[in-house]
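Note that chain A is present in both complexes that follow, paired respectively with chain B and with chain C.
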Partner chain A sequence: MEKDTEGEPKKDAEPNKSKGKAGEIDGDTLALQRLKALGHRMVEEIELGESPAFETVVRSKGNVIFDEEGGFLRLGQKRERRRFLNLSQSKIFMQTLAVAAKTKKFIEEDLHTSIRGLYYQLKFTMGEDLDENLFDEQSESNALIEDLEAALGVKREDLHLTTDRKGVMAGPIVIKDHFAGEDVYIDGRKQGRSGWAIPSDVDNDMEIVELDANYVLVVEKDAMWQRLNEDRFWQKEKAILITPKGQSSRGVRRLIRKLADRGLPIIVFTDSDAWGWYIYWTIKTGSMNLAYLGRDFSVPEAKFVGVTMSDIEEYDFLKKLTIKAKEVDVKRAKDMLNYPWIKKHPEWVHELKLVLKTKKKLEQDALQGPRLTFVGDYLREKIHEKKFLP
Partner chain B sequence: MSPLDGSSVEKGKSAEQTIKNSGAREREGKTDKISGKAGSKANRESSSKSSGAFKEYSVAEFFKKNKQMLGFSGKVRSLTTIVHEYVTNSLDACEEAGILPNIRVEVEQISQDRYRVVVADNGPGLPKHLIGKALAKMLTGTKFHRYIQQRGQQGIGAAGATLYAQLTTGKGIHVISGYRGKMISCDVSIDFKANEPKVENLEEQESSFHGLIVEGEFADVKYDASQYGVLEYLKRTAIANPHATIQLIAPNGERHLFERSVNELPRRVREIKPHPLGISAHDLLDIAAITPATKLGSMLTTELSRFSAEKLRRVAELADVDMNKSPKDMTWYDAEKLVKAFKQLKWIAPPTDVLSPIGKEQIEKSLSNILFPEIISVVERSPKVLWGGVPFQVEAAIAFGGKISRKGEIMRFANKAPLLFDAAGCAITQVVKNIDWGRYGLKKFDEEPIVVLVNVVSTHIPYVSAGKQAISSESELTDEIKNAIQEAARGIKLHLVHKRKAAELAKKKKAFLRYVGQIAADLSALSGASKEEIEERIKYIIEHRFDMGKGRERTEAELASVEDANERKGAVSEGSDDSKGKKGEIATDTRNTTDVAEGM
Partner chain C sequence: MEKDTEGEPKKDAEPNKSKGKAGEIDGDTLALQRLKALGHRMVEEIELGESPAFETVVRSKGNVIFDEEGGFLRLGQKRERRRFLNLSQSKIFMQTLAVAAKTKKFIEEDLHTSIRGLYYQLKFTMGEDLDENLFDEQSESNALIEDLEAALGVKREDLHLTTDRKGVMAGPIVIKDHFAGEDVYIDGRKQGRSGWAIPSDVDNDMEIVELDANYVLVVEKDAMWQRLNEDRFWQKEKAILITPKGQSSRGVRRLIRKLADRGLPIIVFTDSDAWGWYIYWTIKTGSMNLAYLGRDFSVPEAKFVGVTMSDIEEYDFLKKLTIKAKEVDVKRAKDMLNYPWIKKHPEWVHELKLVLKTKKKLEQDALQGPRLTFVGDYLREKIHEKKFLP
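Up next is the complex of A and B:
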């Protein structure tokens, strides 16, 4: 395959396009169609006397491209074939096919499970037939699930595979959750102190039925979210308040994407250190690991509200509250300076260089220094004055 | 016989000279007489009569001092040497008479280190008057000064064995000879004082038996099954002489039979005159002692090959030696000058069709009969010339796998006679050790079930020492040995590569087949097609694709793609970001190679 890395990715390599085009089709319905098509294609190959095979996009770093126009990370056009009659691939091929068959069943039965559950299902059904453990480790199945996602152009959630839930939301939003045969309406304003736990799949059987917000505020830390929730920040600001509790899960990223699609500005609030900023950039451009998911898992429109190193100049008291940057922070800052999509922003180069120079960082919690409610005031001020970093 | 056939690496420093040096320092005079004994009958008679010096020098004494050199060092080796002397005589006698040899060797233990040895053959036998000379005449030499490919005696030939019997047990040997309708039975020993054979208790009767049976008791010897023992010696002799049937009855009563694998005698060897470039000063002096020529000039033209009147004139000029003097008056210095002059002239090479190698087919047959290997690769090089004057030829064979249990075994032969001792000093061993066996698909020579056989045939084998158990590393010779072994190794390599490929294919096929059931079930679940049909179809594809008869190119490409893919797989399993760049690139390459494989 030619090494054209800038061209348009193939249609079925990009999940959201088909989804967007055929909006009325659920992700899992599409997944089911594609699983069947995959099976038919292979049977045809076998009938032609060829090795059953499937094609998938190369997911390695070498095939990760920053889409300038879209502003997110995606995969290039490098594709590879996984063939059964290739000794080094036959086992992984067989495993992938087993996963495919199993997930087809899950979709048909409308049941969900985790990768771990899948792992035991496969172990259970194959254990008797063969003298070797076909899935020795769960980590083995993870890579081939990614293969399958890329090959089918669907997300694992569409295959009824769940991941760990992480992240909490509150705010003026109502979601209809069709779950276990019943419709449940979730009101983001009535979630009390704990908020609504964001599930791994916010696409299938999940619908935003009411939305009355001005913007979305994503807060890195759960502690900060609780603080702002107690202040009823979301009510005062008419904002959707989300915390991914650190790095964003797939569900959180999908939810932010969906809210952005509804026209809401996405504003991110993290620590003033390389790790926090990296959390922001993952939300904005997506990560290299999940680049195969492309636009569906990135929010290029997102803006960064703080905390910035420059805030330390702005708010005098913060000077006293800085702490020393760790080795990993410095290293991460250096890495980020090398990413083309970051280094094209002079504001970020400035911030990152400040970290390298001062070797200092500032936690978002420090904004509670003067008084506990200061953090809300800080955010309101910056958001209204649009003091954002790109 | 080593001292007298002049075969030793440094010409002029042969065993004989060592004998001479140990006996008397001066070449002129006394020692002249010792060497002069062997040769033409007349000459032998006269020298034995006139050699007063020799009589004072006891034969027994001489033997004791030169024991090692004569092959009698160590108990095991001594027994092997005894058997070697008799068996060599038997093989030579049979071949000369045009008889396919049947040789039986019996070794019986009498006490701790005392054994009875019987060697019987179906040769022409010995006439009455030659029995003593053949078996008990010290420094006898029907083979003396013959420029002919011969197996070569160890030390002083059969007489050495007789002498050893006498020295260790006080008794001579018993001989039965069936010759032209008569069967003669007698005891043979050496009269130490006269240095003459003694034949006693002679009985004669009419008989149709032909052949020779030699029976003797020997002490200070030992039989074992080591690689230096009689069994190994006879096994290798059988390998190098596939036209002979050889059997051994070992002391424990076990019978080892090496049956002939070909029914034709080897090509007759032809005697040639020595070539000026293959001769030493010492050899010239030996020739001078036996030549009927009266002038040095005529001796050179008649006794040496390629020697014309013109050459004689030029040699005389270069060497500044009087060609009219009697050969008997030639001094060591004269001889040296002549040899030096020979080397300054150009000569037509000696004929090379006088040699008789074992033969490619013969080696193959005997190796497969005796070693039962998985594969044999034999190479017979064309004859070459050493030093411009000595024809030689190298054969090499490699046997691998099968019933071969010893690892990295080297079988060395000189004129088809096995060389069991002094392995480290031998050119053959050195060449084998220096070959990069990895290039031929053999990782470690010493750990592989492999036998390398090398046979060097020549009218004059250059040995390292008088022990005649190690061939000297003359570059012309080692090059040939190396070429021969490498060529044979290539044959083995091809086999090994094909074998490994076949094994690889079988393994692959098996690996694929075990997944077929699962694949078929899952494909059926995905597509709705019948599981049985899918399974049958995939099995058919696998069988078809891994059918070995479908040509090698495909399988080679397949293998290549597997190797590439393995590399790639290694990268896939690493999940970290850092490894992914590499993975991507390799993966793209793999796609190309798998496509190639697919297209087949």
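Up next is the complex of A and C:
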């Protein structure tokens, strides 16, 4: 990973920032324009007797940059070109174009599918030769689609590809979902025990039409979300209560980003352990793997409310509710002390060193120890007194 | 596993069948009564100078029975007793009682928590000595809670323990959710792209108040559910559209059971592979691990609409959309040919032998190959012509 404080990514590699703002076009409309432009450019190259080429931003770790000013991970300037008339690049070039052509069709038909659905469309067209592993949805990198996202500066959701969805929300918010030809209004105060299932795409044909909240609380675990939902925490606090159910899906990250853009403080509540910290930092700065998504999927404004190991200084009884840290927790704490964007915060250094010293962890569930409703009191107190880690 | 066609499980080990029926009490009220009765019995035993004992049904495989008449897996007659005044049983006896006492308190307070929350309540009370692994929520068997469920003939949801929830629903149904002091009405036709997130407990304080559907379609994958939801399949077909998102959660299984009890046919749509078949058979007959839940969590009436390997006889182009079966798929097909409740169906024997012969699998996503909306046509045709496997 490189460090780089200067040099913006090139204009057409920049994530699309127009989503959800009044008067600007939807992401899928923009994607369609850019897909068409890509096609036209190639036709021109052919007419000029040149080999058509596809250019995208390099997504490997060597081109991942922590943007000091913005406070998030993004890609640097390195670009790569794939040419049709190059023996080693010809196949992947063709496949990239096939993906581009199919997604263009999906947008024009106004239909959506998963990466797996796209794979079968390609297989139907291209026959048995199609390399299955190239499109394996289990794999982390659906390389061709990511190439296209990075090259066009759009999200895969704009290409009408649905992604895994996870996470629920409740609170004083109304969302208009224009879906399959009908407008549906989702009232975050009327979702009962379930909450609103956060969809894969929270940008296209979706709008926040009412928002009357003081802040957003992101709670790592669904069980803890259910606890707080039962206490009507979101009502008492006028807060948007979100759980990503572990690591955040793309839809959850986009939703949090949009709520931050509306001026709401973003407060994150996780376990004090490797997985919990990872969830927080992915929300805040993004992750290496998804650095190509840049600012659209990160929330540098986010603050960490807990659980912290230093909470046991304030709440004495928590001491007996700590449990033994796993090796991965200790290792992760050590790693984090080396990340420049973490070690610059003395509060985090203090916290992580406490983990290394005590070899303990503290789960958010532990805050139900004395009584089930204690967790709400804990959060209220820390939030009102602004006891956050940066 | 034993085979047994006679002999009902003992009355108080029988799952509570009163849920959701008008005029009968809620599961948590019943659980409270039974927890109190358990306590009173122990006090009596102590007063009589006897060692208090806790009796439950044996949940090991040796006591799992396929109920031929009912068509589901359940526990047999074997019971076990734990005595307080027995050195090897004393600790676990105490812990079982501690769980019983805590869950009684949760019901009385009308608050819910997860197994992890329960663990921390016990830890707070009992201190650092509490054996952490005994309550590890990652483990398959939360033995003490399952003991209590089996002993009292109630579900853990009735004990106010929330469980992992997963799965969404849409369709012509209205559900009244009495939650945290408020009634919320969930209209399955107004859930937009998201669908209704199926909660952990669909019995207590929850009621189906409107239902105008021809059948229930259970779709293995969320991506496929989203595709069908976008096509408004549930509206065109007047169907309840559910995805468990893979293996069904307890809440999903209960919801399907309740819809079957309302007389709706239950039709299941999965991949033709090991995981897909497992999902179907777990919905239909239950599973060995959860046999103690019995009829309340199984739907013997369920039918399998596909995808089947024999579909390629009807839909020729599907041939080129098959992919190589994995070892686990082939092994699973072999295993299934030995299950008495599967091998008695010639249709399944034909199907599974086809898998062994071709060593291929067919995913439900493949039905989007020719065009994204094909999957709906396929389902409509097979459902209307009743082309099901039993």
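Here, the second predicted complex is superposed on the first by the 363 of 390 C-alpha atoms of A that agree within 3 Å, B and C clash if a C-alpha of one lies under 4 Å from a C-alpha of the other, contacts with A are read in each partner's own complex, and residues count from 1 in each chain.
As a convention for this text, a contact is a pair of C-beta atoms (placed from the backbone, for glycine too) under 8 Å apart; a residue touches a chain by one contact, two chains touch by 3 or more.
Remember, it's a predicted structure, so these values are computed and weren't measured experimentally.
> For A:E50, using the defined touch cut-off, is the partner it touches chain B, chain C, both, or neither? Pick first, second, both or neither.
Only chain B is touched by A:E50; chain C is not.
> For A:F106 in the superposed arrangement: first (chain B), second (chain C), both or neither?
A:F106 sits against chain C, while chain B stays out of touch.
> Have a look at where A:I312 lands relative to chain B and chain C in the superposition and call it first, second, both or neither.
So A:I312 meets neither chain B nor chain C here.
> State whether A:I240 touches chain B only (first), chain C only (second), both chains, or neither.
Neither partner.
> Using the touch definition from the top, say if A:A223 reaches chain B (first), chain C (second), both or neither.
The answer is second: A:A223 touches chain C but not chain B.
> After the superposition on A, what does A:P370 contact: first (chain B), second (chain C), both or neither?
second
> Look at A:L30 in the shared chain and tell me whether it touches chain B only, chain C only, both, or neither; answer first, second, both or neither.
neither
> For A:L87, is the partner it touches chain B (first), chain C (second), both, or none of the two (neither)?
In the superposition, A:L87 contacts chain B only.
> Could you tell me which stretches of chain A are touched by chain B in one complex and by chain C in the other?
Shared contact residues on chain A (touching chain B in one complex, chain C in the other): none at all.
> Quick one: in the complex, what on chain A touches chain B?
So the residues of chain A in touch with chain B come to 1, 3, 35-36, 38-40, 42-43, 46-47, 49-52, 58-64, 78-81, 83-94, 97-98, 100-101, 104-105, 126, 129-130, 134, 139, 142-143, 288-289.
> Within their complex, state which residues of chain C touch chain A.
106, 109, 111-114, 116-117, 119-121, 123-124, 127-128, 132, 162, 164-165, 168, 177, 179-180, 184, 186, 190-201, 206, 222-224, 226-227, 229-232, 317, 320-321, 323-324, 363, 365-370, 372-373
> Under the stated contact criterion, what part of chain B meets chain A in this complex?
Listed in rising order, the residues of chain B that touch chain A are 508, 511-512, 514-515, 517-519, 521-523, 525-529, 534, 537-538, 541-542, 544-545, 561-562, 565-566, 568-569, 571-573, 575, 577-585, 587-588, 590-591, 594-595, 597-598.
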